[in-house]
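Everything on this sheet refers to the single structure shown next.
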Amino acid sequence: MIELKEVSKNFGLTHALNNVNLKLGSEQCIGLIGPNACGKTTMIKSILSIVVPTAGDILIDGKSIKNDVSYKSLIGYMPQIGRYPENMSIGQVVDMIKSIRNNEQVLDLELWDAFNLDSMKDKKMHALSGGTIQKVSATIAFMFNPKILILDEPTAGLDPLASEILRDKIKKERNNGKLIIITSHLLNELNDVLSHIVFMEEGKIVFYKDIESLLEETGQPLISKAISYLLKNLKG
Amino acid sequence: MNKLIGLVIKDILKSKVIIIYTLFLAAFGWSVFSLESSSAKGALSLLNIILLSVPLVSIIFGNIYIYNSREFIELLVSQPIKRSTIWNSIFIALLIAVNLAFLIGIGIPVMIFSSNLIGLSVLLTGLFIGSIFTALALMGSIITKDKARGIGLSIMIWLFLTLIYDGLLLFLMFQFADYPIEKPMALFSSLNPIDLARIQMLLQIDESALMGYTGAIFKKFFGNFYGYIITIVLLMLWVIIPYWISLIKFKKKDL
Amino acid sequence: MIRLLYVILLLLFISNIVQAKQIQVGSKHQYKTIKAAIDSALDGDTIFINSGMYKECPVIVDKKITMIGVDRPILDGEHKHEVVSIKADSVVFKGFRIQNSGVSSINDIGGIKVYDRRWVSIVDNVLDNNFFAIYLQYSKHCLVKDNIIKSNAHDEQNSGNGIHCWKSDSLQIIHNVIEGHRDGIYFEFVKESIVWRNIARNNIRYGLHFMFSHNDSYFTNIFENNGAGIAVMYTKHVFMANNTFINNTGDACYGLLLKDISDSYIKGNRFQGNTIAMFLEGANRNIITKNIITENGWGMKVQANCEDNQIFENNFTANTFDVATNGSLVMSYFKKNYWDKYEGYDLDKDGIGDIPYHPLSVYSYVIEQNPISMLLFRSFMVTLMDRTERLIPSITPEAFVDLTPAFKPYKYD
């Protein structure tokens, strides 16, 4: 579904992405992990063409994303820190995105209802807490039934209850055959959600494995343990 | 695109700066015509506002708006809209906002007190200057990295075009006073949009004086039909070229 | 005694009727040509010339007769001849169309030319496409009235003046319209004359041009859109009042050029839309007052060689520059003028601004030295320069000042 071909991105002298090749299929839930400044966010932003790669190509459903924006209607994106026009209310933001997306299909309002956003849809964005903004971002990401979901630190600012709601939603959508990419440091929260792990370091992909083989190879019960085990062994 | 323009305009109007700007222009426009004895003199005082305040406000307002809308732009980019559509919409919305403020603030008193050719040129000049400096604002905001530098650059551009450029021209005029410099000087001054707009106003207001010494050159260069066409084309280029540069840069920009 | 006087008067009257013949000229009348009619006429006779085309120029009027055109007969010079030559005193010439005089670079050929005569009246004629239209030389006490004079001159060499007067005096030039000649009205060595209610416009050189013509008066004339405006020179005791000088524009074009004019009085005139409304060069002891000077490029240029001119109670409005000069010496006096650019105040409400006004813009100085710098006029930089100079005069002469500027415009209408 998503294919990165020799993608590089330089910011001045630093190589945020260094010749990355990656192929992700449907019905996967990818955990995109790695230390700070390893290139995760750059990769996500490259897929969304918020950042324009220096070299290489990205294909979605076999089509290059260069000079084409229609593929973005296949993607739901939840940014790490959602920022919205401050003077708009929640309702206006959602309406605005609806009008931009301009599609006729039935909207997925599960999260809207679950987060109970209807009760505060007239609140202005600048008056919202970080958690509420995350709820809005999550709702918008899922609202249009996209085939691909890209979630940047989705549970970071959420309270446990909301976090649980979101996890259930992610699982449900994975089972519906969607490709979900999650970056997160809180891997334990996502133990039962993820199907694959992509580990990045210094702009390169260190490994790309499914969870079962990862746990099997390392003999660890938890993903976080398995990864740290693997890293030690790799370096040693 | 229309939806987007509408959204941006709504957003701009909520910031209140543009409303204060409109009120300022209106206060100035009305007081000028009620204080000055003749409408020609009123138009002259307006010229000063147009050549000073309109460019300054347009360029700084445009700049700050772009910087404050970074998140909004980022949000839009992650949606299925072309970048050029986003940038065009923002530009058009800014143009509408700045020029609407001018038309309401200055246009209404001009139409009431000085609805003649001079008044019309005042309005046209103001609209062009507002548009040009909005385009320059977009260009400035895309080539600088942060807000402070962006505003700094804006003020520099403004200062250069309103004051320093003319100072340099005057210096050159005296340095090369013994040579036939009329044509090069007319050419140089037509390269600065503020000078160009000002000279077109001069042709209206100071027609008698311009028939004097340098009249021939003036009239030849600016005052005939082709002069007007060239002036309008040049002013349009001053809108299009900075905007076009900013658009190309925006298409490749990492947000 | 009184009865005798009546008888004598009656006899005189009857004898006059008997003497003064009325002669008709025209295709259906006794005389077919004007020449034949004049030949048969005696002093005091009246010749009526009926409508038609008369190509028998030059018509020489050498008797004291009255010539009246009926239904505007046409006298055509066929581009070769002088049309009418008046060579007798007390001729009245009225109601003709005079056209197509010859053009010469040696002789001054006129549409109507008066040679060294007195008491001649030239009234209500239309003069079309002549070299010089009405030409008076060595003439006195002549009247030129109600004539419409047109030509379409293209260059100064091959064109003459509308009303040209040379070495004459006591003339009355009244209510003529002059268009398209070289100079509208031209006086040289003409004295004690009056020019009243004429309109001179679209002439290729000057609307009015005189020199060495002392003690003349000019009232209520309109001089509009002449190639070089109005130039008057080398004359004393001129009286100019209530004239309009309008839209005389161009390089070296003046609403009114006063060159070596002295002891004259210029009052209540209107100067509007001229490149330079008034240009004073070597002009001394003139009084310039109650004029309206508006919408000109320069209201007044007073050169440094002018002395003792009194310039007061004029309205200066909407001029690009109100005044200018070429030196630092100022020996003329400005007072109680209204300047629309004055930004002072009048706290004691006496109608006079409380602070003096320096009408000289520093930038007019700059432009005087470097004309092309007009390009930068009204830019922010120039506004700054002018403001600074008004606050702290350093370049412009300190003496160029109106100490008592009027606070409100005068109402002269």
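By written order: A, B and C. Residues from 1 in each chain.
By definition in this document, contacts are C-beta pairs under 8 Å (C-beta built on N, C-alpha and C of every residue); 3 or more make two chains touch, one makes a residue touch a chain.
Small disclaimer: the values here were computed from a predicted structure and weren't measured.
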Requested in this report: Could you classify the connectivity of these chains, where an edge means two chains touch, as line, ring, star, complete or other?
Outcome: line
**Report entry** Chain pair with the greatest number of C-beta contact pairs
**Finding:** B-C
Requested in this report: Would you mind pulling out the distance in Å between where the CA atoms of chain A average out and where those of chain B do?
Outcome: 43
Requested in this report: Mind checking the centre-to-centre distance between chain A and chain C? Centres are C-alpha means, answer in whole Å.
Outcome: 91
Query - Centroid distance [mean C-alpha coordinates] between chain C and chain B, Å - result: 48
Report summary line: The positions of chain B in contact with two or more other chains are none
Query raised in the report: Using the touch rule from the top of the page, what residues of chain A touch 2 or more other chains?
Result: none
Report summary line: Listed in rising order, chain B residues that touch chain C in their complex are 37-38, 40-41, 44, 47-48, 51-52, 162-163, 166-167, 169-170, 173-174, 177, 181-182, 185-186, 189, 194-195, 198-199, 201-202, 205-218
Query raised in the report: Can you list the residues on chain A that touch chain B in the complex?
Result: 11, 45, 48-52, 69-73, 75, 77, 79, 82-85, 87-88, 96-97, 99-101
Query raised in the report: Which residues of chain B touch chain A in their complex?
Result: 3-4, 7, 11, 14-15, 69-72, 74-83, 252-255
Query raised in the report: What does chain C use to touch chain B in their complex?
Result: 249-251, 253, 273-276, 295-298, 317-318, 320-321, 340, 366-367, 369-383, 409
